[in-house]
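Chain nomenclature is as follows: A, B and C, assigned in order of appearance, with residue numbering initiated at 1 for each chain independently.
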Amino acid sequence: MTGMTFQEIDARVLKTLEPPSKRYWIAVTLLFSGVLVGAGSWAYQIYKGVGVAGMNNPVAWGTYLINFVFWVGIAHSGTLISAILHLLRASWRNPIARAAETMTVFAVCIAGLFPFIHLGRVWMVFYMLPVPNQRNLWQNFQSPLMFDVVAISTYLTVSILFWYTGMLPDLAVVRDRSEGLRKKIFTLISLGWTGTHEQWRHYTRAYLFFAALATPLVISVHSVVSWDFALGIVPGWHTTIFAPYFVAGAIHSGLAMVITLMIPVRRIFGYEKLITPGVLENVAKTIILTGLIVGFAYATEFFMAWYSQNPVEMEVFRFRAAGHYAPGFWIMVFCNAILPLFLFLKSVRRSIPILFAVSILINIGMWFERFIIIVTSVGRDFIPYSWGLYSPTLVEFGIMLGSFSLFFFLFILFVKHLPSVSMTEMKEISGHGAGHGS
Amino acid sequence: MGLLAALGGGAFFYLLSGSHPERAWQAYLINFLIFSSIAQGCVLFSAVMHVTKARWSQSLTGLAESFSAFFPVSFVLFLILFLGEAHIFPWKGIDLGEKEAWLNVRGVLIRGSMGLGILYFLGFSYLYFSLSLKFLRNPHPVGLRKFLDRRWMKDRMDTEACRKRTGISAVLYILGYAVVLSLIAYDLVMALDPHWYSTLFGAYHFIKAFYLALGALVIFASVLHINPNLPFAVNPSQFHDLGKLFFAFCLLWADFFYCQFVVIWYGNIPEESSYVIERTMMDPWQPLAWFIFIVSFALPFLILLNRRIKKNPKWMSLICAMVILGLWLEHLLLVGPAISRHARALPLGFSDGLVFLGFLGVMGISISTYIRIFPEIVMNPGRGR
Amino acid sequence: MEPAMGPEKSILGFFPSEDRAAHAILALRGTSWSVKKVLSPVPGPKIFDALNLRKSRIGYFTLAGGVIGFFTGFALAAFTALQWELIVGGKPVVSLVPFFIVGFEFTILFAVFGNVAGLIHQMKLPDYKGLVELDPYRDVNRFGILSSCPLEEEGSLIAFFKEHGAEETIIV
C-alpha cells in the first residue's frame, strides 16, 4: 500500500517521539489551562451544589447528559475502526487504527466522568457500585442507569485492554530503538515481547477474539445509552428506533472526530505517506453511510409522530422543528444529514481543508442532536403546565470546555509518548497482504 | 417447478373457497413478503458487495443477482394482493381520523406500486451495468440476451464509466431498498394493527429481509456447488465468509427484535404493549414465538459459533432452511393475530405449506429463466479467493 | 524440541522478506535440523503455514470466561433484586428482559478477561528472560530463523541458510 520499507516506517513513527518543539509546549499549556478551568468549575459545583448548573424542573437532564452521550458516541467509531474493520479485513484502516483506538479510550474516560459530575454530591457514587455493605443496599439492575454503569465500565475495561494488547509489538519496537530511561520504561511495558512465532501465534488469535468481542460492544453500549432515554415514557424519547439510530449517530460523530484529529496529526508529524488521502476518503465514504442512516431515522421519527396521531408526540416534534430551539434543530438536520451528502462528490472527499471543515461541522451537528433530543422532549412532555426551557450556565460551559480540553490534552500527550501509528500493521500492508492474520 | 406452482395455486383457491378466506390471503401475504424479501435482499447483497469493493464474493454475486428475475413477478403479485383487500386491510371499516390520509386502499396501492416499481427499476438498472462488466459476448444470443449484448458491446468501450455507473446505481438501489422495504413493512404489516406503531419496524423488516436473502443464497450456492453436473464451485473460504455474514445478520435481526421488545416491554404503555402481549404472551401465539426464537436465533447462534460447520455446504443449507422456516413463522406471528382475529388455535395448516411451495415454484421458474439467459453464472467455475 | 544429542550450535539466519523466510522454513523442515524459533516483525501468515502450527488454545479461556460472565451477570442482577423483592415500576422482581442486558455485558467483560488470562498463560507473559536471551541478536525489522545443528554441521547449516536467501547468519 505504501511501498515504504520497514525501516522507513519505523523511522517516521519514532521521529514523533523525539523531544517536542515550542509550539507543542504552547499547545500543552493552553489545553491544560482549559482542563484547569473545567476542574475549577467542577470544584465550584461540588462546593456550591449542582444547582449552579442549569438543570431544573422540567429539564432535569442538560449538558452533562448531552456531553456524556457525545463522548460515548465518539468512542464507538474508534472501536469500529480498530475492531470491526479488522474483522472485515479492510486494510485501509491500518494507518489510523492506533489513533482511533486511543481516541476511544480517552473518550470513554471523559464520558465516564459526566455521570459522576452530574451526581453533584460525588461522594455518593458508591450507591451505584454493587459492593456488599452493612445496610444490605443493592443496585436496581432493572434500571437503565445501572445498565449504563455496567456497559460503560465494560467498554472502558475492554477498550483499555484491547488498546494495550494491540500496542505490545509496537512498544517492543520503541524499546529496541531507544536508550536510557525510555528504554527501561518501554522494556517494562512491552512485557518482553520478542516476536517469536509462538508469541505471534497466540497474539493473533487473541487479537481476533478481542476484535470479535469488541464488535458487539460497539452496538450494545450505545444501545444501552439510548435506552437511558427510550425506556422511559417521555414523548420523543420512548421510541423503538433509538438504539440503531444512536449507534449510527455515534459512529457518525466518531468518524468525524477521527478526521478532525488525523488531518492535523498527519500534517504536523509528516504522516502524509502513511495516512494517505485514500484512507481519509474511505472514512468520508463511511460517513456518508452513517449520515444517511441518521437522516433516515429523522425522517422516520417525524413520519411516525404524525402516523401515531398521538397529540403529545406530534407536539414534541412540532416544537423541535418550529419551537424555541428550532435553530438548534435545523443546525442538527443540516450538519448531520444534509452536509454529509456533499461527500458523494469525489472532489469534496479529496480536498483536505473541506474534509476538515465538514468533520467539525458534523460534530457540532451531533452535539446539537443530543441537545435537541434531550432538552425538547423533557421540556415539552405531557402536561402543558409543566413545560419549560433550559439554558446551560457558565459552570456547565466551564466543565464542557474542560472536557474538550482534557480530551485533546490527553491526545497530544499520547502522540508524543506512544507510537501514534501502528508500525506493525503498516509493515503488514507495505507489501505483504492484509490484516493481522487469523 | 411448474408443478409446484400449480400445486400452490390450487391450495390457495381451496383455502379461498373455504369458510375462512382470510386464511388464504394470510398465506398469500406471508409468502409474498418472504419471497419478495429474498429477491430484494439478494440484489442488495450484490449491490453492497460492489460498493464495498469486496473481492471474496465475486462468483456469489452472480447467483444473488439471479433472484432479481422474481422482481416483475413480485410486482404483479403485489397488485393481485389487492383482490383480497377486505381481509388484508382490516383497518378498512374503522374510523381512523387524520390517519385515513395515509391509510386508505388507493393510497396503499399507489405508494406500494410506485415504491416497488421504482425499487425494481433501480434494481434492474444496477443489474444492467453490473452485468455488463461481468459477461463476455454470448456466442448464441437469443432474444433478451441478444438485445442486451448489443447494447453492452456499445457501452463496453468505456469500462471506467461503466464501473462508475454501476457504483451509482448500486447506491441508489441501496437507498431505495431501505425506503421501499420500510414502506412495505409499514403499509402491509404494521398497518394491520392500525393503532399500533413502532419507529423501528421498517428497519426491522429490511434487516430481516437481508437475513432471509442470505439464507436463500447459501442454500442456492450449496445446491449448485454440490451438483456434480455443473462446473459451478464455491471454495471453502467463500462459504466461511458467507456463513459469517449470515451469523452476523442472525445477531443483527435478533438485536433489532430486542430493541423493539425491550422498549415496549419496559414502557408498558397499553397502546403499544397490547400488540406485543398478544404475540408473545398469549395463546395460541406464545409457543410459536418461542419456537421462532429458538429456531431462528438460539440454535443458529450456538451452532454457527463453530468454524468448521460454516464451511460445510450441506449443514449450512440445513441451518439456513431451518432459519427461513422460522422467519416464515415469524411473519405469521406478525400478521396472524390481525388477520385471523381471536384465533383459538394457530391458523396454520397443510394448505399453507402448499401455498409456500407454490410460491417457491414460481420463484424457481423465474430463476431458471434468468439462468437460461445468463448461463455463465453457473457455468463458470467459482472465482474469488 | 529435540533431545540434545551432544554439543549443539545454534545459528540465526536473517531474511529480508516473509516469502524468503517461509521458503527457507519449508526447506529446513525437510532436513534433520530443527526450527527452534522464528522471529518476525509482523505476524506472517505464510510463515505460520510453513511452520504448520497448531491453532492457539486461547479460545478456550475466552469461551470459559464468556460462559462464566453470562451466568454471573444474571446471578448478580437476580441476587440483588431478591434481597428486598421490591416491585419497581410494575416489573416482576426477577425478569429476563432487562437482566439479559446485564448478562450480555458481563459475558463480554469476562470473555475479555478470559482472553487476557489466556494470553498471559499461553505466552507466559511477561517474558523478560526470553527477551534477555535473544536480545543481542535480534533485529527489529528482519525475519530471523533460529536453527540448531550438531557442532560439525555448523558450516553446512550456514551454507544452507545462505543458499535460501539469508542476508546474514550469526552463531548464537
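Quick note on the criterion: contacts are C-beta pairs under 8 Å (C-beta built on N, C-alpha and C of every residue); 3 or more make two chains touch, one makes a residue touch a chain.
Just so you know, these numbers come straight off a predicted model, no measurement behind them.
Enquirer: Tell me, please, which chain's centre (mean of its C-alpha atoms) is farthest from the centre of chain C?
Expert: The chain farthest from chain C, judged by C-alpha centres, is B.
Enquirer: Which chain's mean C-alpha position is nearest the mean C-alpha position of the whole protein set?
Expert: A
Enquirer: State the pair with the higher C-beta contact count; candidates are A-C and B-C.
Expert: A-C
Enquirer: Determine the centre-to-centre distance between chain A and chain B, using the mean Cα coordinates as centres, and give it in whole Å.
Expert: 35
Enquirer: If you average the CA atoms of chain A and of chain C, how far apart do the two points sit, in angstrom?
Expert: Chain centres of chain A and chain C, defined by C-alpha means, are spaced 30 Å apart.
Enquirer: Determine the centre-to-centre distance between chain B and chain C, using the mean Cα coordinates as centres, and give it in whole Å.
Expert: Measuring from centre to centre gives 43 Å for this pair.
Enquirer: Going by the touch rule set out above, which residues of chain A reach two or more other chains?
Expert: In chain A, the residues touching two or more other chains are 216, 227.
Enquirer: Spell out, as numbers or ranges, the residues of chain C touching 2 or more other chains.
Expert: Within chain C, residues 89, 91, 98, 101 contact more than one other chain.
Enquirer: Give me the residues of chain B that touch two or more other chains.
Expert: 262, 266
Enquirer: Mind listing the chain B positions that touch chain C in their complex?
Expert: Touching chain C: residues 258, 261-262, 265-266, 268 of chain B.
Enquirer: Would you mind writing out the residues of chain C in touch with chain B in their complex?
Expert: 89-91, 97-98, 100-101
Enquirer: In the complex of these two chains, what residues of chain A are touching chain C?
Expert: The contact residues of chain A facing chain C are 5-7, 10, 130, 136, 138-143, 146-147, 150-151, 153-154, 157-158, 161-162, 165, 169, 173, 176-177, 187, 191-206, 209-210, 213, 216-217, 220, 224, 227, 424, 427-428, 432-433, 436-437.
Enquirer: Could you please specify the touching residues of chain B with respect to chain A in the complex?
Expert: On the chain B side, the touching residues are 96-99, 102, 175, 178-179, 182, 186, 197-203, 251, 255-256, 259-260, 262-264, 266-267, 269, 271.
Enquirer: Considering the complex alone, what residue numbers of chain A touch chain B?
Expert: 144, 216, 219, 223, 227, 230-233, 238-244, 292, 296-297, 300-301, 304, 307-310
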